[in-house]
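Read through the structures below before going on.
Look at the two complexes coming up: chain A is in both, with chain B in one and chain C in the other.
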Partner chain A sequence: MNTSSPKRWALVSWAVSLCSVLPVFALLLQSFAPDTALFEHLWATVLTDYIITTIALVLLVLLFSTLFALPSAWLIAMCEFRWRKQFQWLLMLPLAMPAYVVAFIYTDLFDFSGPVQRFMRAVFQANTPVGDYWFFEIRNVYGAALMLALVLYPYLYLIARTAFLEQGAHLFQVSRTLGKSPWQSFRLISLPLCRPAIVVGLIFIGAEALGDFATVHYFAVNTLTTAVYDSWLGHGSLSAAAKISILMLIGVMGLLGIERWQRGRQRFYQKTSGQLSRFQLNTRQSVAAVVWCGILLMAGFLVPAIILVDYAIQYFSVAWQSQLWLVVVQSIWLALIAAVITTFFAIIFIYTARLSTKPSSAIPVRMSTMSYVLPSTVLAIAVLIPMTLFEVQINNWVEHLGYQAPGLFLSGTVFALIIAFVVRFQAVANGTIESSFLNISPSLDMAAKSLGKTDLQVLFSIHIPLISKGIFTAILLVFIECMKELPAALLLRPFNFDTLATYVYQFVSDEQLEQAAVAAILIVLAGLYPVIRLTKTGKINNE
Partner chain B sequence: MTNRLISMIFLLLITSVSNSDTQEVNIYSYRQPFLIDPITEKFTEITGIKVNIIYAKSGIAEKLQREGKYSPADLVLTSDFNRLLEITEKGLTQAVNSEQLNQNIPAQYRDDKSHWYALTTRARVIYASKDRIDNTKQLTYESLASDEFKGKICVRSGKHPYNISLVAAMIAHHGEAETKEWLLKVKDNLARKPQGNDRGQVKAIKEGVCDISLGNSYYFGKMLMDEAQKPWADAVNIIFPNQQDRGAHINISGVAMTQYAPNRDNALALMNFLSSEKAQSLYASLNMEYPVNSKVAPSKMVQSWGEFKADDLPLTTVVNYQFDAYKLLDEVKFDL
Partner chain C sequence: MNETTKMALNVEAISVQYDTKKVLDELSLQVSDNEIVCLLGKSGSGKTTVLKAVAGMLPLKKGAISLDGEIMSSVAPEKRGMGIIFQDYALFPHMSVLDNICFGIKGHKQQAQQTAETLLELVKMRGYGAAYPHELSGGQQQRVAIARALAIQPKLLLLDEPFSNVDYHLRQQLMVDIRHILKQRKVSAIFVTHSKEEAFVFADKLAFMEEGKIVQTGTAESLYYQPKSVSLAESMGKGNWLDVVVVDQHSTRSEDLGEIRSTRAHGFELGGKVKQFIRPNQISLEADEAGIGKIVDQIFTGDTHQHAVAIGASILTVNQSSTKNLAVDSHVAVSVSAHPAILFEPST
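== the complex of A and B ==
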C-alpha cells in the first residue's frame, strides 16, 4: 500500500494542476492563430520601446523593493531599537493598500496640478507656469516603479524577516568572532542563507509588476501589457495578445529556471536556534532605524490612508452607500473561500513533490504557478475559454437528454470568480507552503514512515502541525490579494454582484476616487487584520 | 462552522443565479453603472421588470462569444460606437423590429439592419483657456497642428476609444499620409506626455500646464455640476471645432440586443424605454449628453453652450479606419 501511495498523490496533484493550467493552454492554443501582419507592425513601431520599458520597470521595482525590504527586515529581525516591536507589523501595512488606489493618490498629489506643486508655486510665487522650477515628474517609469515597490515590498520584508529570524544569530556571531565586519558577515553569511527566501519574494514582486496594467497605465507608462491590451482591444486580435502574454510567461519561466539551476541542489534545513540576542543599536543608529522605518510607513501607508480618510469625510454623503455592507460581506467570504481552496491545493502539490525523488513530481507545482505572470484581464478571458467550453458541452448534453439546460452554472455564478482567484493566486500559496515544507528535515518523514505511518498520516501528524503557521500565512496572503484583485473580478462576476474592488473601480476608472473613498477604506480595513496577523505568525518562539 | 460555510456559499449562489420567476432583463454594460442606474431604476418603477447589470471595461464581446446560446445577457450597452459595431460584426447581436425605436431614433443613428441603436450623442470638443486663447472661432482639429500651439496642448492617451475615433475620422477626411503628418505635429505641440482622462486635461489648463485640450462635451457639464471641479471648467471655453467647414466630430453611446437574448420581450421593452422621451430627458439632464430623440431637447446647461454643426460623415465609415488609426498612433509613437 505504501508503494502505491505516492502514485495516488501524484495522480491527484496532476489532475488538479492540469485543471488549473487549462487557461494557460487555452491561451497557448489561441496564440497559434496567425497574425503576422500585426506582429510585424508592432515590431516595426512600438514593441522595442515597450520591451525596454517593461524590463526597466520590473528591474526598478525589484531594486526599490529590495532597498525597502531587506534593510528593514534585517533591522527588525536582528537589531533592538525603540518601537521595534511596533514597526515589525506596521511595516506590513502597505500590503493592504490596493496599488491602483495608491497610484491614484500619488499621481494626484505630485502632479503639476496637484496640491504639493500648487503649494510650492504659492510659496515661491512662481507665476509663470511650467518649467519655472524643477520638480520631479511622477508620471514616468520611475514613479510607477516606486509606487509598485511601495505596496509590494512587504512581501519581501515578510519573507526575509522570517528567514533572518530562522537563521538566528549564532552563525553571524561566529563570523564576527572570526574577524569579519558586520557588513561582510551579512554579505557572506546571512544573505546567502536566505537567498531562496529572497528569491521567492522577488518572484512574487516581479510577476506582479510584469502583469500590472492599471497602475502603469495611470503613470502613462507603456509596457508589454500595453501591447497586450492594444492588440486585443485595439486591433481586435486576441491571438496576438495571447502570443505576447505567452512570450512574457516563457521569459519569466526561463529566468526562474536559471535561478533554480544556479542555486543547484543546496538545501538548508534549519533548526530553530535557541535564544536570539539582538544587537542593541546605539542612540544614533536607533534614530536612523526609526526614521528609516517611519519614512517607509508614511509613504506606503499613512499618507494614502490619511488622504483616503479625508476624501471619505468630504464626500461622505456620496461615498457611503448602505449596500456597501453586503459588498463587504460578499468580498470577505469570496476571498476567504478562494484562499482556503488555494492553500489546500498548494499543500497537495508540495507534499506530492516531497514524496517522490523524481524531478517530474515537482511539475504540478510549477505548472500551477504559471498563470501568475499573465496580465489579469487576459487571465480572466483565459479562464472563461475552458470554463464556457465545458458548460456549453454539459448544456448541450442535458438538452439532448430532453431536460431543460441548466445554463451557465460556472461562468454565470460566483464559481467563476473563485476559480479565477484560485488559478491566479496559486503561486502565492505555493511559494509560502513550499518554503514552510523546506524547513522540515526529511529525516522526520523517514522516522515516521519507519514507524509504519502512511503518507496521509505523516502529513497530518507531522507536517501540518509543523507548517501550521505557513498554512495560515498562505491563507492570509491569498485572502489579501483576492480582496484587492480587480480585472478578473470585473469581468467574471455575476449580475448585480460587486466586490469592494469592483465597486471602487467603477469610480476610479472615471478618476473619481473620492466617491468610492469609503469602499477603498473598507478594502484596507479588511486587509489590516490579516496583515497584522501575518507578522504575528511569522514569530518564532524566542520572541 | 462547516455548515455555516456551506450555507454561505449557497447564499452567494442564490444571489447570483438569476431567478426565472421574476420578470427581468440582463445587461452587459461598458458604461459605468452610476450613469445608467437612475434610468434603469425608472424603468423598473414603471414596468416592474427587474434590471440586472454587469459592468466591465473590456472583454464583454469575448464573454458573449464564449457563452454562446446559453448567455444570460439580453442587451449590451456601450459608451462608444466602435464597440457597438464590434459586437454586431462578430454576429453577437440580433435585429430588432420596433416601430417605436424607429420613430424615436433618426435613421442616421441606427443600423439599417436594425442591429444597433444610438441612445445619445456627444461631440469631441476643444477646451481652450479663457485667459490665454482668443479667436476661438477659427479652432479646428487641423489647427491643433499649427506652430502657435507649440507646448500648449494636453490630451489623454491617443489609444483611448474617443481619440481613436477622432483620428479615424481624420483619416476618412484627409487620408492616411496627411493624418500622420497631423499627428506628428500635434504630438510635437503637446505640453506633456498623453495621460489622465478628459477632465484631467481641463484641470491642467486651469493650472497652466497647457492652454488647449480635447475632450467629450458632456464632461464640461459634469465638471460644472461638481463643486471641486467647477473651477476647472470655469477656466475654459468649450469650443465646437470646424464650425466653418465640416463640423465637430461626434460619437455615440448605444445599445444592441444579443443574439440569444433569453428575455427578448423585456429587453425590447427596455430598448423602447431608453429611446423614449422620459429616458432621453434623463440622459440629457443627468449625463449632459445630447439625446438622439429629436422630441427631447438637451438640458438647459447644454443648450447654453450653443448649437453646433456636427460632422455628418457616417460613423460606419469612420469605424472602417480605426485599425489604421491605431497603426498611425503606434507609428508616430504618440503615447511614448
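== the complex of A and C ==
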C-alpha cells in the first residue's frame, strides 16, 4: 500500500477546508481594522437601535418557533391521535415557503384594504376610515418575527421530534416508576435530554433570522442586516459591513459558548431502547391536537400556497414572461455549478477522514461544516473581503506591468456567488455524503487495497459506484438550497443578474408579488423536494 | 405455595394486545413476599410485556393485577410503588449518580442524599455520587440502577434482562450481590431472562413462557427434570430424543439402549410408544471393544468431554468426566442411569 497517499489526501482536504474558513478569518481581521467614518457615524446614530431590534427580532423568532415546534414535536412523537402520521410530515411543509412571500401575503390579507379587514367592516358596518377602530399592525418587529417563525419552526420541530423518539421509552418509563407523573417526567427527563438538539435547532433558526434581509426590509424593521446591506450596497463600505457582521457573528458564537459552558460534564445522549408506547389522547385532546397542528399547517403553508396559486391563475399572462425563463435558466446553471463543486469537496473531505484513523483527519469536514450556522449576510460579506483584497493586488500588479486593470473579475461576477453558495452549503453535502460512506463497510476498502488498488482507484471503483445515489441526493439538496438562497444572492449578484429568489424578492419589495407568483411557486416546489425526500428516507417517518 | 406465605403480587388471567396481535393470553402469575420469580422463555414469548403490564406501562385487555391485595389495574405507574431496571440501565445521562438515586426519593433533599449515600454503600459504589453515568463501567451502572430502584422502597422490583450487558465474571458476581441485597431488604422481584443459567442462580421460582402464556412454574430442579413441554425440555439444556416403549410405570425400553429405569412413576400407558428425553449426563460410557457405541467426535469442555456416540443409525450426545480418557473411534458400552423420566407423546 502507498503510505504517502493518505497524507496527500489530507493535504488537499486541509487546503480546501482552510479556503472555506478563510472568509471568516478575513472577517475577523477586518473587524480589527481602524473604524471607518461610516461605521463611526452608524455607531453614533442608529446602530444601538438596530442592535436592540435585532436582539428583539431573534429572541421573538426563537420564542415563536419554540412555541410552534416543541408542542408539535412532543404531540407527534409521544401521543397517538387522529391524522398524527399525516401531520408528522405535513408540519414540515412550511420549510418550503420563503418568509418574504409569506410576509407579503399576510400583509395583503390583514391590511386595511385586505380581505380580513374588509370582511370585518362589512360585518360590523364600520365603514370608517383608518384609525377609527383598532386592528393589529403586522408590519413591525412582532409581525416579522412571526412570519420568520412560521417558516423556520420546522427545523426545530424535526430535530426535537427525532430527539424525543431517540430517547427511547426506558428513561421515561423509569421516571414514571420512580413516582413522577407524565408531565414531571417530560419536564425533568425528556426535555432536558433534548436540550442539545433544541439548542442546535434554535441556533440554526437564530442564524437564519439574523441573516434575513427580505422580510425585515419589507416590514421596514431595521436590523443589523439592514445596516450591512446599507453599508455595502448603499455606501460601498466593506469595512463597515464587516464590523457589523462581526457583531452578528459574536452573537451566534456567544450563544454556542453559553450552551457548551452550561453543559459542563453532563452528557445528554444516551440511546436507550424500549418500544415507545404513545399516550392515547381522548377525543377532546385529539381534537385540540388536530386543531393545533392544523393551524400551524394552514398558517405556514396552506394559506400562502393557496393565495400564491390564486395569484398565478389571475395574473398568469403577466407572470408568464420570457424574462422569467432567463432567470430560471440562470438560477439553474448557477445552482448546479455550486452543487457539483460542493459535492466534489464533500467527497474529498469525507474520503480523507475515512482513510485515516487519526481524529485530526475529521477536522477539515467539521471546519467546512461550521459555516452553516453563519447568517448568510455575514457569510456574503466575509466572502467579499479576501476576494476584493486579491482583486486589488492583481489590479495593482497588472497596472504596474503597464496593462489595463481587469477590475472586479471575482467580486463583480457570478464567481463570488458560487463561492458563497459552496461555503454556505458545504454542510448539506458533507452530511449526505458522510451518511452514504458510513453504509460502506471498511472491510471493502481493505479487500480492494489487498488486491493492489490505490486509494484513488478504491474511491472510483468501489465507493463512487456505491454512493452514487448519495452523490445525486447531495447535488440535488445543495442545488435546491442555492435556488432558494436570497440574502447572499442579493449582496453578491453581479449587476443586472437575477436568481429566481432575487427576482421574486424584487416584486415583493415593489408590492407586486402577483406578477412573480409563478416564480414563487417554482421556489416553493423546489423547496418541497427535501421534505418529500426526508419523508421517503424515513427521517420523518422514523418509527 | 406455602399457605403461610403472604402473596405480594397476584396477576390474574391478564391479556395484552398490540393493535390486533395478542401478546399475553390470559396469563396468571403469583409472587410471594421476598420471593424472586424468573420469567424464562425465548425472544418474543411475551416476558417483557408481562413486566410492562405489571408496571402499568401497557393497558390490559382483560384480567387484573393486584399488589398486596390492592387492585393496580387503573393505578398510574408512578403510584404503583414498583421499581424497574432495564437491560440498558436507563440511567439519566444528564444527572450525577447521586441525583439519579435521589430522583425518586420524596422529602428533604438532605435526607434524600443521606439515603442515597447509604444505598451507594449497599451496592458497593461509595464515593461515586458525583460521577456521571457515562463515567462508569457497565457493572457500576447496573449497581447504580439497583440503588436508584431501591431508593423508592419498592413493594416489587421488576428486572428486564439486567445482566445481559455485562461480561461473564462480572455477571456472576453481580447476580450473587444483587440477590443478596434483595433478600436482605426483603424485596419481591420479577426477573426476566432467556438464560437458564441466570435464572438458576438468581431466582427462587421459575415461570416458563411460550406464546404469551406461562406453561410451567416451579423450582429450577422441577423445570429441569420434569418439563411439561418439549420446548421447555430443550430450553433447559441439551438432550437426546429416543423412541421408547413403556414397559411399566418405572421403566421404558429402547431398541438400542435396552431398559431405562425411572426414579418416579411416569403415568404413561403400558405398551405405548413414546418419546423419551435423556440429558447427556444421564448416560454413562465405558471403554469396551464389544460395546454397541462408537465415539465419532468429542469436544473438551473443561470438567467434561462431550462425546458424540453412534449407536446404529442414531447419534447420542453424552457428557463424561474428562478423566475417563475415551478416544475418538473407540467402542464403548452405553448405559442409562436411573433418573426421573421425561416422556412425551410421539405427536408432540
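Criterion: the second predicted complex is superposed on the first by the 321 of 543 C-alpha atoms of A that agree within 3 Å, B and C clash if a C-alpha of one lies under 4 Å from a C-alpha of the other, contacts with A are read in each partner's own complex, and residues count from 1 in each chain.
Here, a contact is a pair of C-beta atoms (placed from the backbone, for glycine too) under 8 Å apart; a residue touches a chain by one contact, two chains touch by 3 or more.
What you see is a predicted model, and the numbers here were worked out from it, not measured in a lab.
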item	value
First, second, both or neither for A:363, with chain B first and chain C second	neither
Partner chain in contact with A:398 - chain B first, chain C second, else both or neither	neither
Touched partner set for A:46, first chain B, second chain C, both or neither	first
First (chain B), second (chain C), both or neither touched by A:506	first
Contacts of A:330 with chain B and chain C, given as first, second, both or neither	first
Touched partner set for A:385, first chain B, second chain C, both or neither	first
Which of chain B and chain C A:490 touches, first, second, both or neither	first
Per-residue touch tally on chain A - higher for chain B or for chain C	B
Residues on chain A engaged by chain C in the complex (per definition of touch)	168-171, 173-181, 188-189, 192-193, 195, 265-270, 272-274, 277
Footprint of chain B on chain A - complex, ascending	41-42, 45-46, 49, 112-113, 118, 129-130, 139, 217, 219-220, 222, 229-230, 232-236, 238, 330, 333-334, 337, 377, 380-381, 384-385, 388-389, 391-392, 395, 405, 407-409, 411-415, 490-491, 493-497, 502, 506-507, 509-511, 514
Residues of chain C that touch chain A when the two form their complex	52, 55-58, 76-80, 82-84, 86-88, 90-95, 103-104, 106, 132-134, 148-149, 151-152, 154, 158
Residue ranges of chain B in contact with chain A within the complex	5, 8-9, 12-13, 15-18, 26, 32-34, 52-60, 62-63, 66-68, 70-72, 86, 151, 157, 159, 164, 191-197, 199-200, 203-204, 206-209, 228, 322-323, 326-327, 330-331, 333, 335-336
